[in-house]
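Structure, as structure tokens:
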């Protein structure tokens, strides 16, 4: 067993040494292929983070009719909070609404002066601010309150709900395209990586078809010939994968880390996102190298 | 040991390389295959090794019907056969030592046996000082001798030699023939394709002459022609 | 001359036929490499289109102090319109502002009722709406009006300008990252494509190094050997580039065309964008194949 | 035609293949290079073709000092030299016709000349029926004859032949020697490395014997040993 292992090890290292060009091509191709695949995965992750950050702020405002009854508020809050799509519900009183309005329009003095926060003639309505856990299912809120498309609602105590449907529809249409787009790119990358690695493995075998033929004529079994080649391919693909991982980390440190400080309001991919990509790269590289090596060798083993 | 029964070999381009050949070779025999260039000598040897398949007829080697041998059993057949190829077939990226040692490694001999036997046989064929060279640093005759050493090193039951002296001068040829003779005397069956009239005439062994794929002479203790 | 051409043609076609595996590897690698590069270019174009659409809507509001003097409006409009960063300036009267407000807050009936559009006590200010040609240079507007960071301005007749700086800073920080990001990806793709194509060309030469050596020994000049190989490489890379272009068109038709109807508010890449990518792919593929072939052959021509 | 002056060839692994060799060969001569395997015959031929460079000494071929020949002029030298290589060196992915025709194409012969001369010379070496085969469909001797045909087809000034009969039976060998003799009679200088005692003894031409890289005999109208 040990001798056999030693034999394979020697075959592999000498194969790598002597076929410099082929080994270099295999390693660099695997490196590039997996780098691109990893890059696509990370970009996909980044896009998802940004989408989540954007849609995560989506809030539905349920305006309550005057006068506001605390029991109605309580009942409505519970009703809404129990919806699966809802993360939490906060109450905004008329006074709070007025204060927010004044702050928001501070640069339009005329407008601010025209609105009085006096409880008697405060024109701003109280509202329930509904944060969504699953923004895509925002229509649950409208449904449970019996709201119509014009924003008026059947639920007693509710005046109107903000008609955000058009906005959210557009937002989600775009984010869906983005999500599908980056996944598609990642998939294209994976297939491309597979073809590229398979090509190099097969060309490497092609360059050594004579060698394989001679080994067979001397009485080597198929496995005896195959295993060193497979290990060599595996080894090259692992080196390529490692380089790709290192490079991804490098890209992240060089281009994403400076953004942490500068653009804080956007979530950026973290080191752990990069780490999460590693097994994908290693498995993809190793699998493709093994399958391509195995399939490619069939041709050359038929001596 | 070897039995060919009405064997015909037609290559893909419809060249008839062997034409209804029937030959019996006993264990321990020493047989020369002679004939003009292109008469089918190498084809004869390639068939015994199952490097090519017969188009018609049956071939038995060491009791096995080659046509019925499953592919994964072929390597085990070949391990009992040492072969000197006309074009040497050396692994270009292994040293002379590794080329010869490979034949032993393949049959699972331990390292100390390899380390002992390989230099021994290389010394015997006169290449003691080229052990660590790569084949493309050798002269034609030296490559041929490496091929011979590889064929003999695992003391096979059957030795097939396709013009083992084609690239050798008469003196070295005589040395190689002595080696083959010794291998034969310890029980190995030897089948050797050759054009070397001097050697065939000197050895006086069984001679099978091919002409355009047909056996036209099968003579024990024969001469070249 | 003609004979020579015929000779080269024969060499090339027979080379392609006989080295099926190598030719396949070269074509498919070039195809994938250029496809990825083209994809990156198109994505870059798409991102730029989206950024332009987003930032193209950026508008600076210059609120005018009551009462509004038509001459001041005229003078300010001209002053602003003459700025290089400005595309056009439109005047929004108090009445228009009020109407817009009512429409915008139609779902907050209390608020709407509290504001009167009567010219006498219309609280909303008149404003100049400044569309920017170069949104990144929005600070020109604030500078020419002498506005301070709190939004108040030195220019007579101007009350305030809307303090959009924070918002735009954030927007442009993100878009810049996106622009740089996609360009970077395109660059990585180009380099990757170059290495991949060079690898295949060199492996192809490696697989035929014996052939090259023999040709030299028979008395063929370096050019006689080189030209068929170079033409072959060029030919393979052109096939790869054509496939990549076809595939890009296919991707565009399959994934972008359905969006034309569904998501109209976002500009999508058009056929002419894909066409604009073609010369890049062809030139990149051809150049790399030629250079790699030339450089790779040096090694094997030293017989 | 050929002049070697104190030529020494030491390979990278410090093997001394030729050791202070001085030889003059006149235009039109027919010279055998003989010697044991590994004595330096192929090295001698490779030096004349500038496939290898001499370590020391000067080599003149057709009036040109090979050491001073710029790389881009080497192909033009080689076009005047036909070479039969010990390992044939055929292009595996060209047919027999194209392999031989290539030597003419390279020197710019028009197609009709190629179409006429190539089948002619192939007929002469006995391969008229293998014109469209690829080299790996040929027997060893047939490949050797293709190599010979390629070397002779452009009627070179100098013909170098490295064991052109190593894979040929005596009858075919005699035919090939007749061909070389004819080529020589029309003015081509022939240098042939060989171990074939019968041929050397029969031809009775100039014999240069090498031993471990040294010229130990240079005899006009000599025999093998």
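Lettered A, B, C and D in written order, each chain numbered from 1.
As a convention for this text, a residue touches a chain if its C-beta (ideal position, glycine included) is under 8 Å from a C-beta of that chain, and two chains touch if they have at least 3 such contacts.
These numbers were taken from a predicted model, which means no experiment stands behind them.
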Any chain that touches chain C and chain A: none
Label of the chain whose CA centroid is most distant from the centroid of chain A: D
In whole angstrom, what separates the CA-based centres of chain B and chain C? 68
Length of the line joining the C-alpha centres of chain B and chain D, rounded to whole Å: 28
Separation of the C-alpha centres, chain A versus chain B, in whole Å, is 63
Going by the touch rule set out above, what shape does the chain contact graph take here: line, ring, star, complete or other? ring
What's the complete list of touching chain pairs for this entry? A-B, A-C, B-D, C-D
Chain A-facing residues of chain B, complex: 49, 51, 72, 74-79, 81, 83, 85, 89-94, 102-103, 105-107, 110-111, 150
Where on chain A does chain C make contact in their complex? 21-22, 24-25, 28-29, 32, 35-36, 39, 43, 63, 66, 101, 107-116, 121-125, 151, 159-160, 162-163, 170, 173-174, 177, 180-181, 184-185, 188-189, 192, 195-196, 199-200, 202-204, 206-207, 255, 259, 262-263, 265-266
Within the complex, which stretch of chain A touches chain B? 3, 7, 14-15, 18-19, 210-211, 213-222, 224, 303
Which residues of chain D touch chain B once you look at their complex with the stated criterion? 11, 13, 15, 34-38, 41-42, 86-87, 126, 133, 137-142, 144-145, 162-163, 166-173, 195, 197-198, 224
